[in-house]
Amino acid sequence: MDLRRLKSDLMITGIIIISLLGMIPLIHIFLTVAWRGINVIARDPLGVLFKEPPIPGSEELGGIGPHVLGSLILISIASLIGIPISILSAIYTVEGMSKRLGPLTSLLVRIMIEFPTIVIGLSVYGAVLLIEEFINDLVKIFGLGGHIYIPRFNPITGAIALAIVMIPYVYTQSEDGFKNIPHHIREAVYSLGFSRIRASIVLSSYVKSALLSGIMIGVSKILSETAPLLFTAFGNDHYVTRFPDVFLNPIGSMTLWIYKAGLSPYDNWIDLAWAAAFILLMIILVLFVISRYIIYKR
Amino acid sequence: MAKDLFYLFSLNNILIMILIFVILFVLIISSTPLFEKGFSKVVYVLTSSIWDPVYDRYGIFFAIGGSLVVALIAIIIALILSISTAVFIVEISPSKIRAPLEMMVDLGVAVPSVVYGLWGLFILTPFLRDHVMKPLIDSIPVLKNFLGSYSPSGTSIFTAGVLLGIMIYPFATSIIREAIKLIPFDIKEALYSLGLTKWEVIKNEIFYIRNSILAGLLLAFGRAVGETVAVAMVVGNIVNPEFYKIFTPGYTIASLLANQFLNATGIMIPILYFAALILFSIGFIVNIIVALYLHRSFHR
Amino acid sequence: MQIDKTSLTLFIVILIIVGVIAYYVGASSGGISAPSKVETITISIPTTITTLITYTYTGVMTTSAMSATPSFTYTIPQFTTQVTLNGGGSSFVNPQMQSWISVFKDLTKGMVIINYQSIGSGAGQKSFLEGSLDFGASDIPLTKDNYEKVKASGRGFIQFPVIGGSVAVVYNIPEWDNQRCGPLRLSGEVVAKIYLGEIEYWDDPEIRSLQTPECQNILPHQKIIGAHRSDGSGTTALFTMWLSKTYSKWNQTVGYGLVVNWPIDQTGRGVGGKGNEGVTAAVKSTKYSIGYVEPAYAVKEGLPIAALRNKDGNFVLPTNENVIEAFKRGAKELPPPDQYWGDVPLSFIYQDGPKAYPIAGVVFVFVYTDLPKDKRDAFKAFFIWVLTEGQSSRYVLSGYIPLPPELAGKAIEYINTYMK
C-alpha cells in the first residue's frame, strides 16, 4: 500500500517537474524576445517602426517600416479573399443541407488545414509560371508578337497563398459556430418565411462571435506565416508608394524580414530581427487576447 | 427567386475544392519532367543522397531521412512534454494557476514559427552545443560513431528536432488537455472509488484518451514534417547522407525547398517539385487518417 | 453585449484600414525620406580614367580639359515619377549594393527605388533568366546552361562587372608562429590535394617544401580538417575555379561551381559552414583546419590568411593592390556582353603578374535590354553611377575592391551601346 502511494507521489512529482521544464523554453522565448526587442526599439521607437532597413553591417539602426506596411497590406488582401470564401462556404455546408458538397468540403478543408505551408507557396509560384506559359502559347497561336510577362513576386500572389493558408481556420470555426445554433432558433428564423439568404444573414449575426474568433485565429495564423511568402511576396526593403507599382513589385513582411535578417551576419540587421519579432509577438498577443475575450463572452 | 440565389454560395465550396486540386495539379505538372525520365530515375532520386549541381546528379534521400529523423526527435520530446503538461494542468495544478498555465500553452501555439527559429538560432543552438553535445561527446568519445561530431556552430538535426519538439508540444498539449477534460465525470469517480492512487487514475485516464493522444501526435507529426523556416534556421542545411548521426547538420525536405528552390535550374526544378509532392502527400495522409478515423476536429 | 461585439468588429476593421492608410501616407509624404542631396557630383580622378570615360561616355559626362586635375561630372537624369527596380542574387555584394542603393535613392530624391535581395548567386541568375526580377547579380557569369536558355529565348541581354573581391585561404594551426614565420605558404595544387583527401597531415612533405626552411619543422603531424561552404556560393565558385586551374585532377573529378561535391567529406574530415561566417566560425573553432572566406571576415575574426603562390611563383596576400593587379591583367579579355562569359572569371584567376593574387573575382550583373522604358532609364542611371562615382573610395565599403578603370569603362560602354 505504502509502496503504491510512494510510486504515485514519485510519478506525480515527475510529471510536475517535466511540465515545468517544458514551460521554461516558452517563458524564455517571451522574455528573450521582449528583452532584446525592447532594447532595440527603445533606441529609436519611431525610427524602428517607420524607417527603411539600414545598410547591412553599418552603425546605423534604421527600421522595419516597409515590412510592417507589407504585412498589413498582405493580410488585408488575404483577408478580403479568404474570409468571405470561408464563411460563405461554411454557411452553405451547414444551411444548404446538401448531401455531398457540404460534407466533402468539410472533410477536404480539414485535410487542408495541415498542408505544409511552403508547398502552398511553391504551388502558387508554379501556377503563375503555368498561367504565363499558357498565355504566351495563346499569344503565339494568334500570331501576336511579344512576350507577356506576369510579375511573380507581388502582394497579390503572396495574399493568395496566405488566403489558402487562412481558409481552413476560418472555415472550421464558422462551421462549428453554425452547427452549434440551437435547433429552435434556426426553426424560428426559417418559420418567419425568410429566404435562405436572409435567414443566413440573421443566423450569421447570431454566431457573430464564432465568426469573429475564427477571423482572429485566421489573421494571427497568416501573420505568423513565412514559408508561403518566400516565393510569392519575396521581400522588399523599401517603401513602394506609387499606385500600380505596389501591386506589381515584391513586398516585404515582418516574418520574411526576421528570417532573412536573423540568418544574416550583420549585427544591425539581427537587432532589427529581434525588434520585428517583438512587434509581431505583440500584435499576435493582442489578437490572442481579443479572441479569448470573444470566446469568454460567448 | 431569392431562394435560388442561395445556391451561389456553393461556388465558394467548389472554389475551395478547386484550390486543393490546383495545388496538387501544379505540383504534379511541374514535376513531370522528372517522371518523363522514367521510373528508374525516380527511384534513383528517392533512394540516393547526392546534391551535385556541377554534374546535375540529385537524390533526395538525405532530405527525406532528415525530415523523418527531425520529426521523430520532435515527436518524442513533444509526447513526453505534452502528456505531462496536459495532466499537470487538468489534474494536478492548483486551480488558481490553471488559467494562466492554459493561457501560456495556448500562446505557445500562437507564437510564429520564425520567432521560434530566431530564438532557436541565437539561444537554443549555442546552449545545446555547449551543454549537451559537447559534454556528451567529450565524456564518451565512442558516441561520436553513433551521433557524429557536432559542428562548431551547433546547428544540427538534433537541434532542429529539439526546437520542433518545443514548438509543437503546446499544440499537442491543447488537444490532449481538451480530451482529458472531456472524460466523463462518472468514469473519474469510478476510478477513484476503486481505491486507486492518483497516478493509477491518471494512467487509466491516459489510456482512456489514447485515441486523442494518437490524433494529437499525428497532427503534430504533420506539422513537424512540414515546418519550414524554424527548421531551416537551425538544421544546418548540409547534404548529409548520414542523417541518422543526429549531432551533424543536415537537411529536411522543407528546408531543402526553402534553400534551393530559388536557385534551381534544369532538372533540379522538377526534383524540388517532386520533393514538395512528397511533403504534400505526407501531410495529406496524416490528415486523412485523423479526419476519417479519429473523427474529431481538434483544430483551433 | 451585442453592441459591444459590433463595435469591436467595426473598431478592428477601421483600425486596419486606418493603419494601412496612415502608413501609406506617412511613407509617401516624406516622413521617412532622407534629406535630399544635390544630384550633381564632382569627383577628381586620374587622367587615364578620364580619357577613357570621355571616350566611352561623352553624352552625359564632360571633362574639363583646362583644369590640371581633370574632373568629370555625371548628372543623374531627373526622375519625376517613382520607379521601382527589383534585383537579387549574390550575398557577397549585398552590403555594398545596399549602400549604393541608399545613396542613389537620396540622389534621386527618393524617385528611384531599388529592391535588392541577397538570395544567393545561383538564385540571382535564375531570377534574371525567368524574368522574376529586373536584374540579377552573381559572383560568376551566366553558367553554360543559363546562357543557352537566355540565348534561346531570343531576348537581348547584357552582363557586366560592378565590383571586385577576393577569396582568402585561412587556417588554424596553433603551432604555427605567424610572427616568426609569416603567413603559411600554400599553392593551388596543395590545397586541391587537401580537399581531395590526398594530403592528410599538416606535415606532409608537399606542404613543408613550400615553407621557408627554418619553419618547415613547425608543422605538426595532425590531420587536416577542410572547411567549406554548405550553401551555394560564389566564393566556392572562385575557390574551386582556382583549384581547377592549378590542379588538373581536381578539374577532372570535382570541377567548379556554386556548389560542388566535396571529396574531403567522404573521408570524414570535411566540415560545412553556412555563409562566410559559418566557415569562419568553423575554422576558428576547429584546430588544424583550413578554409576559404572573403578576406573581410578573416580580418574581422583575426584568422591568419595564407600567402598563395601565384603564376609567377611569388607568394602573395589578398591586399587591394595585389587583387587589382589581377583584375588589370584579366581586363583585356572582356568579350562582348551578350557572349558566353564563362571564361571571364577564369581570366582573373591565377593570372600572371608578379604581384597578382590568384583568387580574385568580380560580381556580375545581368539584365535584359528590353526592360520597360522607365525601368531601363533607372537601371542605366544607377549602374553608370555605380561604375563611376560608386567606385570611389567614398562609397566602396571595406572588403570590396573597386574595378580598375579599364573594366568600369568597358562596362559603361556596354550599358550605353546595348541599352539605348
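Couple of notes before you dig in:
Per-chain numbering from 1; labels A, B and C assigned in written order.
Rule of thumb we're sticking to: a residue touches a chain if its C-beta (ideal position, glycine included) is under 8 Å from a C-beta of that chain, and two chains touch if they have at least 3 such contacts.
What you are looking at is a predicted structure, and each value in this text was computed from that prediction instead of being measured.
Under the contact definition, chain A and chain C share the contacting chains B. For the interfaces B-C and A-B, the C-beta contact count is higher for A-B. With every chain reduced to the mean of its CA atoms, the largest distance from chain A is reached by C. The centroid of the Cα atoms in chain B and the matching centroid in chain C are 37 Å apart. The distance from the centre of chain A to the centre of chain B, each centre being the mean of the chain's C-alpha atoms, comes to 19 Å. Listed for chain B are residues 262, each touching two or more other chains. Residue numbers of chain C whose C-beta contacts span two or more other chains: 274.
Counting partner chains per residue, chain A shows two or more touched chains at residues 129, 263. Interface residues of chain A, counted against chain B in their complex, comprise 4-5, 7-9, 11-12, 14-16, 18-19, 21-23, 25-30, 32-33, 84-86, 88-89, 91-93, 95-96, 98, 101-102, 104-105, 107-120, 122-123, 126-127, 129-130, 164, 167-169, 171-172, 176, 195-198, 200, 217, 220, 223-227, 230-231, 255, 258-259, 262-263, 270, 273-274, 277, 280-281, 284-285, 287-288, 292. Residues 2-3, 5-7, 9-10, 12-17, 19-20, 22-23, 26-27, 29-30, 80-81, 84-85, 87-89, 92, 101, 103-108, 110-119, 121-124, 166, 169-170, 197-200, 202, 219, 222-223, 225-229, 232-233, 254, 257-258, 261-262, 272-273, 276, 279-280, 283-284, 286-288, 290-292, 297, 299-300 of chain B touch chain A in their complex. Residues 50-55, 151-153, 155, 236-239, 249, 259-260, 262-266 of chain B are the ones that touch chain C when the two sit in their complex. Within the complex formed with chain B, the residues of chain C that make contact are 119-127, 129, 143, 145-146, 149, 230-232, 254-261, 271-274, 278, 281-282, 284-286.
Listed in rising order, the residues of chain C touching chain A in the complex are 1, 4-6, 8-9, 12, 16-17, 19-20, 23-24, 26-28, 31-32, 81-82, 84, 86, 94-95, 98-99, 102, 105, 113-118, 130-133, 155, 274-277, 397.
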